[in-house]
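Read from first to last, the chains carry the letters A, B and C; within each, the first residue is number 1.
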């Protein structure tokens, strides 16, 4: 492989990784507090993509209004998801909570299928995201550069909220010790709602960028990115936001580079992430940034 | 001759915190010993290390001259060490009888093939396990409740069922983690009698953790005291009662040991 | 312990000593088998093709749901990869039972590898091989899978199902890739499907009722305590995992030879989702619940076809809504798990003891005391 091609793939990997990273944050935040894999998290990508598209198509909104509105709407749906499917099961066995999450995921996908139809829709990419920059033999779509930058900005914003605000402190306390936080008189329902709002909004931002990158959207578009982003979160150390970001970038690079280096295995691309997951669980179950479990 | 059980210079660290520090103890066949100490002294950690729930960071454990420090829990039970739990850990949604029958699992001789094919050999084995378990329930006075779900038993009987369940593994040493917790004086007296009876009929070693001083002092022949993960005294109830280190640990004068 | 306790009344209902005698139960079981035999005989001679297909579906679903329940309900692990085992069974059975000539017709893009290109075995042998192959894979993945619990186990098994599907798509010289395998001989009839269903129910139920099953339930209830009582969780869970995979594999082989065409798209996570609905609705942990759930699902799936077809009400034509069935299924799963977590049966079984005690109970209630 030529050096140019390698650099090209490296950039692609970082760009894909930034999308995984944004989704992984939501998984890791919810897992940190509720100890639940929010199976329906990936489907929020799809919700955001459709919301953004219909904002532009039906209401003729410009992208810079439609996209933020879609992100807010998805955040609200994230909170609704928690209230409807998870909140009633806070005291229930874990297996029930997970089954509820799977049910919610299927409900969202199939509702979208019934309401919108299964035919993939073309996502109208705004012109300003369609340019391609050419630097010395490298063809780089601007989107490929924008998405890591947007991710970086959003992560910095999130870290500010989590580490510098009162709500963020409560959130961290809840992920350390749920019961003690409750005893300290903190309204956990509000903290959980905030967690879902933040996680879902980030997933929405990722979903919109995903839709611009692969501009054919369908009701099941969120499933695979969602699963892989969860794996990224485990890779980084579940419960750790910086770890999730790191895991996302690593997974993106890993996928792109394996396909680039071993093109014969391209068909098996979607299997790599799971093999990586098995490897991580076997050799370092706490992930890269995770602390060892304390009794 | 080798002692029945020996724990030598065992230390257990959890990411910087030393829960058990250079702890050693020897237990002989048929002994009835107690382990006391303030909350967080590391008593339950000692039990968890003995039963293989936790691995010691440093140190060794021997049972009948064999090292068991690296054995998993279920094999330690099979070797003859059984326990109860501080926060009752019954199989809540299973019947009282089934709780005890699980304890016979490690001694089952017929294979799962025989079970799936419903062979007579296996049916006889199941019958044997059932009879065996019913005997233990009878001994604990729980026969009447054999078909009740474990979670429906009142608290005191749940503790008693835990003991019956541990006994059904036919141990050579029984570890009881706060068996009298949450009981009224009347129940505690009955429990003490039950524990004495177990020891006398079986000649097994009993090692128990308890917070109720009166209960321990009346029941145990030898008492070990722990504080901050360290052993701070051992002796007969009378010796322990007059040990100044023990008194200061219990009266809050713990500054001298705080660095342990 | 003293009379200060409230002593719950001993339950006669759960006490087998108060139920029907073993001899009577044997007769009742035999009668049930003859009844099933008679019904199958009637349908295989006089039933319509549609009825026979539904009955075959029910039987295969029963096999799948009962073996899935062994892991999810009895062992208490949320296993999300049965679709992988079903796929392995379906492909194994299909490739072994098909004649080499037929295989050559199927494999257009690349030739089928040796020894599949020369081999053909009887259907029964192919089914056993299907189960064995699925169990072999279960054995291999149980090492990483059973090291973890809870959500992690769910996602790893889900990943396994996904990997199997991706490999079925990619390994063209074995599975014919996305094209799948067409023109399988329809070996599966009522005798095969119900025979396997009955066998799996009897064998799995015996396992659950044995001390091995008790050990599995103990692990579900409290793994630390189970270990402390001498149960080795790894070996017991592996046993459940292998038995479950074995029957899932056989059911996969039956499924392949019922619908006669298989492709990777048939074995997606949707298949696992459907099984999950069956066992949750029936009651996690109950074999008879799984049977009821499977039958309800097969029947409900057919009954709900109306919502996807155009409806004529008087002069009005309501267009069918494709995908509506899945919306209803997802809603059913959510509603059951949110509001009726125990499903139909909870963890109880519809056994002779249970029926007799119900009968006795209602009789006692009627006689004035």
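Methods note: a contact is a pair of C-beta atoms (placed from the backbone, for glycine too) under 8 Å apart; a residue touches a chain by one contact, two chains touch by 3 or more.
Owing to the predicted nature of the structure, the values given are computational and were not obtained by experimental measurement.
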Maximum distance between Cα centroids and subunit B occurs for chain A
The chain pair joined by the most C-beta contacts is B-C
Please compute the C-alpha centroid of subunit B, do the same for subunit C, then give the distance between them in whole Å. 41
With chain centres defined as C-alpha means, what is the inter-centre distance between subunit A and subunit B in Å? 47
Which whole number of Å gives the spacing of the CA centres of subunit A and subunit C? 33
What are the residue numbers in subunit A that touch two or more other chains? none
Taking the touch rule as given, give the residues of subunit B at its contact with subunit C in the complex, in rising order. 51-53, 72-75, 77-78, 82-83, 85, 89-95, 98, 101-108, 112, 115-118, 122, 125-126, 129, 141, 144-148, 152-154, 156-157, 160, 165-166, 169, 184, 186-187, 190-191
Residues of subunit C touching subunit B in their complex? 1-2, 4-8, 10-11, 14-15, 203-204, 206-207, 210-212, 214-215, 217-218, 221-222, 224-233, 239, 243, 347
Provide the residue numbers of subunit A that touch subunit C in the complex, in ascending order. 31, 35-37, 85, 88-89, 92, 94-96, 98-100, 102-104, 106-107, 110-111, 113-114, 118, 227, 230-231, 234, 267-268, 270-271, 273-275, 277-278, 281-282, 285
How about subunit C: which of its residues touch subunit A in the complex? 72, 76, 78, 80, 144, 147-148, 150-152, 154-156, 158-160, 162-163, 166-167, 169-170, 273, 276, 280, 284, 321-324, 326-327, 329-331, 333-334, 337-338, 341
